[in-house]
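What follows is a structure written as C-alpha cells; I'll ask about it next.
The chains carry the letters A, B and C, assigned in the order they are written, with residues numbered from 1 in each.
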Amino acid sequence: MLEARQLECTRGERRLFRELSFRLGRGQLLRVAGANGSGKTSLLRIMCGLVAPSAGELRWRGRPIRAEREEYSRNLVFIGHLNALKDDLTALENLQVAAALGGMPADADRMLAGLDRFGVSHCAELPAKVLSQGQRRRVALARLALSPAVPLWILDEPFSALDVGAVLELERLLAAHIASGGMVVLTTHQEVQVVAHAVLRVDLDVHAAALLAA
Amino acid sequence: MTKSQRFSWFVFSSPQSFYPLAGTLQPWFAALAALLCAAGLYISFFVAPTDAQQGESYRIIFIHVPAAWMSMFLYLVMGFWSGVGLVLNTRLSSMVATALAPTGALFTFIALWTGALWGKPTWGTWWVWDARLTSELILLFLYIGFMALQAAIDDPRRADKAGAVLALVGVVNIPIIYFSVQWWSTLHQGASVSMKSAPTMAATMLLGMLIMALGFWMYSIAATLARVRCVILERERHTDWVAAEIGGQS
Amino acid sequence: MIRALGWVLRRDLLLAFRRRGDVVNALVFFVIVVSLFPLGVGPEASQLRNMAPGVLWVAALLACMLSLARLFAPDHQDGTLEQMLLAGEPLVVLVMGKVISHWLVSGLPLVLMAPLLGLQFDLPGDALAVLCVSLLIGTPILSLIGAVGAALTLGVRGSGVLVSLLVLPLYVPVLIFGAGSVGATAAGTGAEAHLLLLGGFLALALVLAPWASAAALRIAME
C-alpha cells in the first residue's frame, strides 16, 4: 500500500541516504534502524509528506503522495519527537484538538477512554505544563488509541520516556493495530516484542554500506 | 520546433552547463554596457541642450530616471526567476534571482542618491518626499528584505523558496504601493515640488535616457552573470566539476 | 473544513485567554507608544491634532507587528504546527483560523482602545468614528500580511527584526489609506474613497495572504 521508490534525502549539504526502496503492506510493521544522524527522522518525515525527497518518490495505493497530499494525510497519524501538546491546555483539551484536526469526533467520553488506555485519565483536567515527561508522552500517544481506523501509523521513538507499564500498553496497541490490517512505521532504540517480530526492517547504516560496497 | 532544438535550450538549465556559458557571455555584455553608457553620458553632457530653468544640474536626470526604471524592471525579473524556481523546482533559476537582487538594490540606491543630488541645487533640500523617491525608498526596503531573508536562512533550498514567496508577494504589492504613494503624494502636495516637474522632454533627452537605460540593462546582465557564477561555485562546491574547476585554477 | 477552522480558532482563543498577560502587553505597548509622541513634539494642540491619524496608525501597526511573534513560532516549537500540516484539512483553512484568532486577540483591542487615545489628541467625534472604522478594516489586513512574514521567518535566527523588515514595507498602503481616511475626515473632505480602497485591500489580502502563508509554512517545515 505504501511504496517507496529510490528515495534520496539531502539535508543541507549532506546526503543522508539514496536509492532507498521498500514496500509496506497491510498488517506489516516497518522498523527503521540506524545510528543517530543516519536520517531516520528525515525518512519518517518524508513518509509523512512533510518533506519532499531530493530524488525518488513515495506512492500510496499506487498513486504518488505529492499529487494528493491532503487525502494521504487523512490516512496517517504521525507522532514525532515533540509531543504536540499545548502547555496551557489540559490533557483532555489537547487530545480533543488533536482528534478534531484528525477528522475524528472529539467528545469528552471518547477522549477520556483514550487517556485511560494509557493510564493518564487522572491527568485529564490538568494543564500539560504540570505533567511529567512520561505523562506527556502518554497523553500524546493516547491519540493512537482513538485512531484504529487510520491505516498508517508513523511513530518516531514512541517508547522513549515511557515506563514499563506504558511500554506494554503501547505494544498491545501496536499489535492490535497490525492484527486488524493496519500499518506501522517506527524508529526505536529499544528491543520490544512487537518490533522483534517486525516483518520489515530498513537499516540506513547497512543500506549506505551496501551502496558503497556496490 | 523540432525535439532536438527544444532540447538544446534546456541543456543550459543546469548550473554545470550554465557556468561556462555565463563566463563566455559576460565580457560581451560588459563591453556593450560600457559602450552604451559612454554614448548615453556623451549625449547627456554634450548633446542635450541646457535647460532654461534648471541650468546644467538637471543633467543628472539621465542617470536618475534610467536607474529608477532598472530598479523596478530588475525586481520584476527577479520575481519571475524566483517564481520559476519555486514552481518548477529548478536550482539555477533561484540562483539567478539571488544574483539579481544586489544589482537591483544598487540601482535603487543610485536612483535615490541621484534624486538627492538633483534636489539640492534645484530646490535647496537634500530630500523631497515625492511619489517617485518615496516609492524607490520602499522598493529599496523590499530588496533589502529579500536579501536579508535569504542571508538568514541556512538551508539554500529553503532560502530559495522562501525568497521566491517573498519576491512574488512583493511583485503583487509593488503596483499597490506605487498607487498608494502616488495618492498620498498628490493629497499632501500643497506647495511642495515634485521630481516630475522635469524640463519638457526634447527628443534628444529621451534618446539619451533610453540609451542610458539600455546601457544599465547590459550592465545588469553582465553583473548578474558574473555574480551567478560565484553563486553556482558556492552552492555546487561539493560536486566534482567544481572541485576540478577550482583545482584547475589554483 | 469549517469544523477544523472552528477548533483552531477555539484553541487559540483559549490559549490567549489563559495567557492574558501577553494580550494586555501588546495593548499597553500601543498606549505607551502613542503617549511618547506628545512628549517628543510638544503638547501644542493643533500640531497634535494634525499628527494624530498618523501617530495612532503607526502605533497600531507596530503593536500588531510585535504580536506576530506569537502567531506561528510557539506552534512550531511544540510540534503542533507539524500536526496542522498533517491534518488532512486544507492548510489555507487552518491558517485562516489562526489569523482570525490573532486579529481577535491583537487587532480588535486596538480598535476598541483607539478612540480613547484619539481623545488625548483632541480629535473631533466624526474623525474618531472614522478612525475606528479604518482600524476595523485595516487591522485584519495587517494580520493577514503579517502571517506571511511570520511564516517565512519561522525558526530563522533574528526573526523578530527580520519580520519587521519584511512586513513593514508591505504595510505602507494600509497606513497611507488608514491614516489618510482620518485626516480627510478631520479636514472636511470625505473618507469614503479611502475606506472603500481599504476594503478592496482587505478583499485582496483575504484571497492571497492565507495561500501565501500556507506555502511559506510548508517551505519552512521542510
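Following the convention adopted for this analysis, a residue touches a chain if its C-beta (ideal position, glycine included) is under 8 Å from a C-beta of that chain, and two chains touch if they have at least 3 such contacts.
Note that the coordinates shown come from a computational prediction; the quantities given were computed from them, not determined experimentally.
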Between the pairs A-B and A-C, the one where more C-beta pairs touch: A-C
Far-end chain from chain A, centres as C-alpha averages: B
Middle chain, criterion being Cα centroid separation: C
Approximate Å spacing (C-alpha centroids) for the pair chain B, chain C: 32
Mean-CA-position distance for chain B and chain A (Å): 48
Chain A-chain C separation of Cα centroids, rounded to whole Å: 37
Sequence positions of chain C contacting 2 or more other chains: 222
Touching residues on chain A, where the partner in the complex is chain C: 48-52, 70-71, 73-74, 76, 78, 80-89, 93, 96-98, 100-103, 106
Parts of chain C lying in touch with chain B, wherever the complex brings them together: 148, 152-153, 156-159, 162, 165-166, 168-170, 172-173, 176-177, 180, 201, 204, 208, 212, 215-216, 219-220, 222
Residues of chain B touching chain C in the complex: 138, 141-142, 144-145, 148-149, 152-153, 157-158, 161-162, 165-166, 168-170, 172-173, 176-177, 179-181, 183-184, 187
Chain B to chain A touching residues, read off their complex: 154-156, 238
In the complex with chain A, residue positions of chain C that touch it: 3-4, 7-8, 11, 14-15, 18-19, 78-80, 82-90, 94, 221-222
